[in-house]
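Input: a single structure, listed below in structure tokens.
Order as written gives the chain letters A, B, C and D; numbering starts at 1 within each chain.
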Amino acid sequence: MTRKDPFFWVAVSCGMLIFAFILLPLVELVTAPSVAMLKQTLHDKTVLRAIWLSVYTAGAAAVISFLIGTPLAFVLARTRFPGKKLVESIIDLPIVIPHPVVGIAILGVAGKNHWLGKIMADLSIRLMGSVSGIIVVLTFVGMPFYINSVKNGFEAISPRLENVARSLGASMSGAFFRITFPLAWRSILVGMIMCAARAISEFGAVIIISYHPMTAPVLIYERFEGYGLEYSQPVAVWLVLVCLTLFLALRILAPSAPGNRT
Amino acid sequence: MTRKDPFFWVAVSCGMLIFAFILLPLVELVTAPSVAMLKQTLHDKTVLRAIWLSVYTAGAAAVISFLIGTPLAFVLARTRFPGKKLVESIIDLPIVIPHPVVGIAILGVAGKNHWLGKIMADLSIRLMGSVSGIIVVLTFVGMPFYINSVKNGFEAISPRLENVARSLGASMSGAFFRITFPLAWRSILVGMIMCAARAISEFGAVIIISYHPMTAPVLIYERFEGYGLEYSQPVAVWLVLVCLTLFLALRILAPSAPGNRT
Amino acid sequence: MIQIRNLTVDLGEFHLNNLSLTIHDHDFFVLMGPTGAGKTVLLDAIAGLVPVSGGSIVISGRDMTTSPPEKRGVGIMYQDYALFPHMTVSQNIRFGLRYHKIKPQRAATDFQNLTTELGIAGLLKRYPDTLSGGERQRVALARALIVAPQVILLDEPLSALDPGFREEIRLLLKRLHTHSAVTFLMVTHDFAEALALATRAAVIHNGQIQQTGQGMDIFHKPASRFVADFVGMKNIFPATFSGSSAVIENLKMVLAAPVSCPTGHIAIRPEDIMLSPAPTGLDDPDGTDGPDSAATGQNAFQGQITAIIDHGFIYELHVQAGEVVFKSHMSKAAMVDRALSTGKKTMVSFSPAAVHVF
Amino acid sequence: MIQIRNLTVDLGEFHLNNLSLTIHDHDFFVLMGPTGAGKTVLLDAIAGLVPVSGGSIVISGRDMTTSPPEKRGVGIMYQDYALFPHMTVSQNIRFGLRYHKIKPQRAATDFQNLTTELGIAGLLKRYPDTLSGGERQRVALARALIVAPQVILLDEPLSALDPGFREEIRLLLKRLHTHSAVTFLMVTHDFAEALALATRAAVIHNGQIQQTGQGMDIFHKPASRFVADFVGMKNIFPATFSGSSAVIENLKMVLAAPVSCPTGHIAIRPEDIMLSPAPTGLDDPDGTDGPDSAATGQNAFQGQITAIIDHGFIYELHVQAGEVVFKSHMSKAAMVDRALSTGKKTMVSFSPAAVHVF
């Protein structure tokens, strides 16, 4: 591609336009509140509680994905079976469901009209307006990202290593825990970060399930609705910083082609 | 992987649990409203207007991404330069910003305190509560998906085809429009669908920018808040069907490894 | 003893088709075949790593057809060695010990002896990615041998090594085989390896065993068209015989000995086919590649060069004589010196002793 | 005429380093070199497809160093042909016409003639993915030639073809060159192609031209260690000369002619190195690979086989004689028959005429 062609300059202009479009709002967001205001926001117990709740529930979603998603990811990476494409499509479904609909769908099975809701009521588990409810919706939206990342990670590990381990006397689980798992920790970590990053950004599903207790995105929305732009910005800055930290961790841990993930 | 090992059954059980977790809420959502109710919802002008607005604005975001994102994707696919990783990270930024924060950030530059807002005011462009505002936020959240998909598509086309075209006398833009573009239409279409699918699901950013006019996700939220679960479900079903159609189109057009896209 | 009866495995691309094979205790059995013949699938099936859809595998009298890999007493060493990258050499070698009832003291002695014999005692604390190819292979061998398997399966153990190393590892494998009670089953596509190491050998093709026997027997007496081709006889033709003469298409040639059956195949190595430049049968005075044969050979035909194919170190020339295309090998220098090119007329000749009949 | 002066291109992995080369009008110039030598980069630089960081490219007297590709009048045909997959054969061939001021009638005649000459007149409505390799190549040639370029660049045009086809395309290229005014510049790693086609040739290595001249001259008189190695002389040693004898390490040998300078290199083709089984110098009675030389050769040394390397069709044997390791080529059959193996003692011999001095 030579730099003389007018076509090149059209492309560069489009690039500049897109960068401005992406960066201007974010820079304005981060620079609008004064440092004093940002500091002061950190003394606001409501803000701290909301950010902590977001971090904590997103972390819980990542841990749950890790516990029940890892074995499934391993099976998907190591076996071929008819209908595998369908199974993978089902796992991807939560990505395409509009966010408020996710909340409504989950409330649908948690209500007393549904057998599952009745069982939960008997066990006095309540999703509406509870931390467990938030964790359930965040796990729902975050799980596909975890499974896809870890499946790719397992696929990158040669099954021959497991074969050799088994020929040396290890059972299937022995080979998994002594060989595959220690080798896949990086992609497992990347998967957990991707899951948590997706979960911490979630707003539409959370606001349906739980206006209170309030996660950071809901708090930002409430401040915006109640007090206007200026009052929502400092909280937004702190949440963006948490998200950018996760994004940075992701870029460092997964250096190859991380373009179309998260 | 032999089917005898207990480890295999643990994995299958986890898989079943995850499928139930994903499918139960969605099946309940789709089956809860009666067919009559679903039909009746379609006669509700408000619902039709909201779904049409969602489809229309998401489509506009895809078209805008196509117009200004394609040249940038081409440059990213064909050139190497220092800082390319940073540029790619900036393009991915909108993916990691929590959704209400996106709305707040864009309002931040659209206000009269910002030079850009002043220019827009002079041109009587209003983002708050307007269709143009919705299109701007949807383009913001959808653009990265378009650029990443189309960049991959361009990378899959051998630069030698362009080289030959140029050695035969075509200019850079001639080679692009006669060779590269016609060969990349499939990934361009996939990119536009991914962008539209992401945009049509958006709720957090839209509700900040524009409660009215009302997109489908906002309407679902409003019905839920105002009238309860039963009244929100039929609208949700119709929106989910639109999203699943896009998802299906995506799976058909992009058969290879579509796992961690959308 | 490993007895494989009518084994059928279907992995899509790779398959075994009703394969039977017997390997005796303490054999160094070498299985040869081209890429995709099913060599590695057979190893995986013996190790229990692929599902078997028919037939049986009996190892030392016990039917192992459906046993899990860890119960078979079969060690495997892959071409890429498959060392565990997150473990040191020492941890790699000791990996299997905990699954076998070996007394700690005995294990310590075995470990010492093996690492010393394999010359890797100085590498114990290093990680696999810091080792050379030869070192990795020795570690993989030690890891497989320390649990004292009944059988060890070697998947092309020499092909990933530098040529200089191969000789060394070949001798090492021979020594290990002699000094242990383990049965070795090795697959390769290299004939020289098979001849150097095998006590018995077999040729596999298309998921089936084509021929079993001593390495030299397979080389000199291929029993089928495929094996003849595999051992490098590029000129293979169906022929009719009468006494000690054979006819292929319209060419009649003399054999070294009379043949009893009326039809069959003949095969000639491309190295045994001589080309002499003048159709008059005159000798090439340069004499670098055996022109004597052309003068003394009883089989000589007039032909024309139809193709010249570059094989890197040598050229393969196709010469059409009548309806038959003979393939001959020639060095680059010889071809340049003689200025051979497509379309040129030439004499094709070969001695009766060079004609193999099957 | 293409004049390249001190051309420097840096694409990371691939580079050209101060390269100079002159190609005359209507040459069929063949550039040879191993993979990664910079062959394709040089073609891309001449076509204007990579940025040049130093030097100049002058085509027919006009400095084209920074001209865009479409202004150079240089056609290019890649190894993978790079046909436009979304266009028919006819659309592919006509692609360039709209950019050149060729009268429609003239263009129609050219199109007719070219497609007829190349034998693709029957394929015009088909798409590239329905064509065979040879057909694709003809289409790519027609597409490049129809705009009447001054120069056409061919990137390994024969290597992706079936061996049977190569001969045909080679003749076609020769005919096209003879019947047109176009200068051909072809790169290849195959010596036979170069010898068959080139009016002039050069060897490139490490981004620099090593030797330029007639093909046969390069083959017989390599001017450097690299070129000697490239044309297949595997035995290359620094030597000291006195009269018509040479000394390498501690071995003294006879040359065919006296040498004037005191130091230099000698090179011997591995096909010219004979091995005779008995260290007594006794002849191999089998006589399949030129034992005469061993008996009559004036250069004979006692040695020991240190390695045997499988090259697919032949074996390369390394024989150590004193401090020197000679490399000899031998067919599989010959090696099996003689039962040669590592460690065996053998005689190494070669005739004085086989020793090249540079």
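Just so we're on the same page, a contact is a pair of C-beta atoms (placed from the backbone, for glycine too) under 8 Å apart; a residue touches a chain by one contact, two chains touch by 3 or more.
Just so it is clear, the model here is predicted, and its values are computed rather than measured.
> Taking each chain's centre as the mean of its CA atoms, which one is most distant from subunit C?
Farthest chain from subunit C, going by C-alpha centroids: B.
> Which chain pair has the highest count of C-beta pairs that touch?
That would be the chain pair A-B.
> Taking each chain's centre as the mean position of its Cα atoms, how many Å separate subunit B from subunit C?
56
> Please work out the Cα centroid separation of subunit C and subunit D, and write it as a whole number of Å.
The computed centroid separation for subunit C versus subunit D comes out at 31 Å.
> Where the centres are mean C-alpha positions, what is the separation of subunit A from subunit B, in Å?
17
> Roughly how far is subunit A from subunit C, centre to centre by C-alpha average, rounded to an integer in Å?
Taking the average C-alpha coordinate of subunit A and of subunit C, the gap between them is 53 Å.
> Which residue numbers or ranges of subunit A touch two or more of the other chains?
In subunit A, the residues touching two or more other chains are 2, 5, 171-172.
> Of all the residues in subunit D, which ones touch at least 2 other chains?
Touching at least two other chains: 68.
> What residues on subunit D touch subunit B, complex-wise?
44, 47-49, 68-70, 72, 74-76, 78, 80, 82, 84-86, 95-96, 98-100, 143-144, 147, 149
> For the complex, give me every residue of subunit B touching subunit D.
Checking each residue of subunit B against subunit D gives 158, 160-161, 163-172, 174, 178-179, 182-183.
> What residues on subunit D touch subunit C, complex-wise?
163-164, 166-167, 190-193, 195-196, 216, 219-220, 231-232, 269-272, 287-290, 292-293, 306-316, 329, 331-336, 341-342
> Going by the contact rule set out above, which residues of subunit B touch subunit A in the complex?
1-2, 5-8, 10-12, 14-15, 17-19, 21-26, 28-29, 32, 68-72, 74-75, 78-79, 87-109, 111, 114, 116, 139-140, 143, 145, 147-149, 151-152, 171-173, 176, 197, 200-204, 207-208, 216-217, 220-221, 224, 229, 232-233, 236, 239-240, 243-244, 246-247, 251, 258-262
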